[in-house]
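Naming follows writing order (A, B, C and D), and every chain is counted from residue 1.
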Amino acid sequence: MSRYFTAEIINNLPLNSKNGLLTIKLLEQVPNPEPGQFYMLAVSNSHDPLLKRPFSFFRKTPEGIQFLYEVKGRGTLMMKGFRGGKIINVLGPLGKGYPLLEDKRTPLLIAGGIGIASIFPLIEAFSNKAYVFYGARDKAGLLMLDELKGSSDNLHICTDDGSMGKQGTVVDLLNDFLTHHSSLITRYSLYACGRKSMLEAVSRIALEKGIKGYVSAEENMACGVGACLGCAIKVKSKKLKVKSQKVKNLNSELRTHNSGLVYKMVCKEGPVFPIEEIVW
Amino acid sequence: MSRYFTAEIINNLPLNSKNGLLTIKLLEQVPNPEPGQFYMLAVSNSHDPLLKRPFSFFRKTPEGIQFLYEVKGRGTLMMKGFRGGKIINVLGPLGKGYPLLEDKRTPLLIAGGIGIASIFPLIEAFSNKAYVFYGARDKAGLLMLDELKGSSDNLHICTDDGSMGKQGTVVDLLNDFLTHHSSLITRYSLYACGRKSMLEAVSRIALEKGIKGYVSAEENMACGVGACLGCAIKVKSKKLKVKSQKVKNLNSELRTHNSGLVYKMVCKEGPVFPIEEIVW
Amino acid sequence: MSERVTSYPHVFMLMDLTVSIGQLKLKNPVMTASGTFGYGEEYSEFIDLNRLGAIVVKGISLKPMEGNPPPRVCETPCGMLNSIGLQNVGLKRFLKEKLPYLRKFDTPVIVNILANTIHGYVRLSKALDESGVDGIELNVSCPNVKKGGISFGTDKKTLSKLITKVRQSVKRAVLLTKLSPNVSNIQEFSKIAEDSGSDAVSLINTIPGMAVDIETRRPRLANITGGLSGPAIKPVAVRMVWESYNAVKIPIIGMGGIMNAEDAIEFLLAGATAVAIGTANFVSPKATVTIIEGIEDYLNRKGIKDVREIIGGLNAAQSYHNLNN
Amino acid sequence: MSERVTSYPHVFMLMDLTVSIGQLKLKNPVMTASGTFGYGEEYSEFIDLNRLGAIVVKGISLKPMEGNPPPRVCETPCGMLNSIGLQNVGLKRFLKEKLPYLRKFDTPVIVNILANTIHGYVRLSKALDESGVDGIELNVSCPNVKKGGISFGTDKKTLSKLITKVRQSVKRAVLLTKLSPNVSNIQEFSKIAEDSGSDAVSLINTIPGMAVDIETRRPRLANITGGLSGPAIKPVAVRMVWESYNAVKIPIIGMGGIMNAEDAIEFLLAGATAVAIGTANFVSPKATVTIIEGIEDYLNRKGIKDVREIIGGLNAAQSYHNLNN
């Protein structure tokens, strides 16, 4: 079971001008993905663009694996042009997904924009145990709403322009929620994916209120397997301090000048990191 | 009427494993092509491959303009993948075509392999006035036979492996023909397109027997309009000798060290050249 | 501000695209790259030459040059190799046959020149300056011809001597020095150009390269090596423009793989006062005009009224800081 | 001979793919390029490391290095820029954690090293040589870290001193010098490597480059500049390999944009004794093995029994002559 394989495009459903739902059929036996893991997809078989693009595991269906994507630049634009029958090279599942805490905590799932792609499988995993906070630019930007309503009774929606749900950001939603449920605060866990600014705000809240949680980070990637050291993200690492005496295998962790801070690789040690680890 | 325009792929008919017939619909008013002229077609809208590819004008139909192509490398491979509806950029018609001599001469049209693409419109122009000599590797390599038979009663076919027509090359065909019609030799004119070795052999025959004629040459191209000086071919130039006294506009012709020899640009002063001009 | 890229002609009226190279004023920062635009005439059918910031013509030598045997060009990943061998009609025919045509347009003409001796460069510049061309670009970097400019472009002493001498013989025209990218430290060479009296530096010329046909086992170019151009070299060119911008005060003409307005703006932000379009002309004969319009659209979209505001406008320090923590 | 590209394992039995670098014998001429293959382990899931000609690991320094802030990589036309900043685990942890794993395979291990002083290079080489690694590759050309190798790679005197000193301290391992492409004349530097006792030269390292995000006006890399790799630089790399091949007798390890067997064969024909695969590993983690098989297919198709027959087999003279008339 190799994580580098060929897949066939089953279909590529446009959801709006910028977003689409891509379904690929795996032509080989490959390991099953976990929520929060991702795949690197080849967007062309010419040398331009050259590198694969990372996309979160969105959903597994009888036909294959689905990705929810947004057109950002050239590569995703080409992706929008994918037609059924096309064969592409895929690498994955990659990285560490969201840990599904086995404790009594109530998960709060926070998705901004296309971040829903990585949060969606968590919603299915936790089903009604979790509260879901999902925001987008506008109504058109809210994706897969029917499926979301189908898998969660606790769906809180917002848009920047108020064209659907509450007007504001998911951070506002989260704040409101927490102020109304302040008593239970320690009973929650957070899972967030979205723009950097949103993740930073959510993290601040979590740290202030002492809520345990995880965020899915993004960095430009080349190899996807921890080999190029290209997708570095700065993190605190208590673990390291301890071990740095008698050296153990710390993957690509390194002692750093301002000790306690290290670069981890989003593709291998992430993309999901504990909130308290990330240095914004 | 600009010679740089967009066109829509109407269809792209595979003729065998290596050859196809591409029909494009001109989306703008453009000048009419003459036999022997060519177009530069964009094979991708990424930067790889970067340059347009030159293809001879094959035929004009009510739907648009047709090109007969052979898969050589990456660009023509992509061309094979063109589907109807695709929009491409095109430059043309370019270069100087075959002069249709108005005199009593009987044209002998010689096509080797994909060279038929450029000879075909001549066959239609001369109709039964001309003798056609067409050769290919094997039967499968002989393209558009029905159309050819339709437009000419004097079609002589050969294949390297003898799988159809006479076994041998078009040069053999031509030699046979000339030996059987030696008396009329000065009454003929030659038009040839094909591999370099074939053109060279045909030219030698023409010069020996003093037959007037033209060949369509090939060189790698970049601009297609005489600007980059990339598609140079070495030619003799009496014309130059004369003019080099009082300087006239000689396009990109230049006096050379071994005087009388100059580089001409296949894209602008060719691709068709008088046989006596080319230096092999 | 709307993110849509659209043109409002009346807004362009209010927009200032002009830039200056020495005493020469360009109506916009987009010119042609020498050797990729012939002598202008070849492209006049596709675009209005009056719209160009300047026309830089194919390199001219004292005597006509025959150029290299074919194949002279071949394609490479996101680029091409050329070994034209500096084929050109020579000074005399250029002045007689080519220049008069270009004079019909309200666009500055810059003549790229090459020679094998300093004396040759001086004679060429003198003649061209007196003929009234607007600019002279010293090609000290063309990698194609063995006896060609390469030595001038990579030897500091000779280069400074060359520019100084030419400077003395050029009265009216602006003097541009087109540096070789084939050096370890482009800042040193830009500084030499500035100190020796060059009004501007042009960056970059093609990078020496080579390709092999594995079926025939032959080089794809008859000259074996050639000059690499096109999108492939853009990152190298942008870097050299930025390095030079941090070393000299004279204007920089940036070029190397500019295919569209976005690419051109990259160069302007990195410090180029103007850009030159080369290989892109082969991909689209309308490239230069499309790029001018694209720059206008960008400035529009960003609400910028004067293109000079973005020249050297790279947000480097900030980026460095922000990303460090 | 059939043009179909197909593999006949039994034919491969008769085929000799081995090449030698100094006293080190490689089972085939395909190795990995430093920094693109981690410490080997990362790709062991995708290919059998036993099949590689050699494994060259990420550049190692005496002390661990943290590397540069993100973004560290970005894509460019047919290539990518990287400014990893030489992040690595340092000598001690490499020997303790990484080398033992690599030792499990029947494949030579070549360690790429870097330092800021000659003394540092010497200490590293000594330690690695004694640890029994098969080869040491001096990275004197990495363009990413300001205080990094660049000076060694572009200053002839220092380079020759460096190699001479390291040579004295290396007893068992073969010594490779990875030259900087950022020089005007690669032949001079290859000659220095040869004369100073290097067993081979590696060509080329990344070419310094830069890219700008025109929306944020920021460099795409936090380090502003980075090293350009991938297909874009292939023509420059092939040219430098060919130039070096005509200047020195020691083997050349060719690299730069090799994506497939055809590219690798281009380098072999131009004079490379072996090739290294870098950026291609990111496009396909199986690239190295695919390329080995592709070379076998080519030799098969051409009826060549020994890969050494095509090394330097460029038909340059003939091509030159034929095309001249």
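As a convention for this text, contacts are C-beta pairs under 8 Å (C-beta built on N, C-alpha and C of every residue); 3 or more make two chains touch, one makes a residue touch a chain.
None of these values were measured; they are calculated from a predicted model.
Undergrad: Going by the stated contact rule, which chains contact subunit A and subunit B alike?
TA: The shared contacts of subunit A and subunit B, listed by label, come to C, D.
Undergrad: Among the other chains, which touch subunit B and subunit C together?
TA: A, D
Undergrad: Determine the centre-to-centre distance between subunit C and subunit D, using the mean Cα coordinates as centres, and give it in whole Å.
TA: Those two chain centres are 33 Å apart.
Undergrad: I'd like to verify one number: the distance from the centre of subunit A to the centre of subunit D, where each centre is the average of its C-alpha atoms, in whole angstrom.
TA: 35
Undergrad: Approximately how many whole Å separate the CA-defined centres of subunit A and subunit C?
TA: Using C-alpha averages as centres, the distance is 45 Å.
Undergrad: So which stretches of subunit D touch two or more other chains?
TA: 69-71, 77-79, 230-231, 325
Undergrad: Which residues does subunit B have that touch at least 2 chains other than itself?
TA: Residues 47-49, 234 of subunit B touch two or more partner chains.
Undergrad: If each protein chain is taken as a node and each touching pair as an edge, is the resulting graph a line, ring, star, complete or other?
TA: Topology of touching chains reads as complete, every chain touching all others.
Undergrad: Provide the residue numbers of subunit C that touch subunit B in the complex, in ascending order.
TA: Going through subunit C, the ones touching subunit B are 35-38, 42-43, 45-46, 58, 64-75, 77-80, 82, 84, 87-90, 92-93, 96-97, 230-231, 259, 279, 281-286.
Undergrad: Can you list the subunit A residues touching subunit D in their complex?
TA: Answer in residue numbers: 2-4, 42, 47-52, 89, 91, 219-234, 247, 249, 252, 254-257, 262-263.
Undergrad: Going by the contact rule at the top, pick out the subunit A residues touching subunit C in the complex.
TA: Result: residues 47-48, 234, 279 of subunit A touch subunit C.
Undergrad: For subunit A, which residues are in contact with subunit B within the complex?
TA: Residues in contact with subunit B: 44, 46-49.
Undergrad: If you look only at subunit C, which of its residues touch subunit A in the complex?
TA: 77-78, 231, 325
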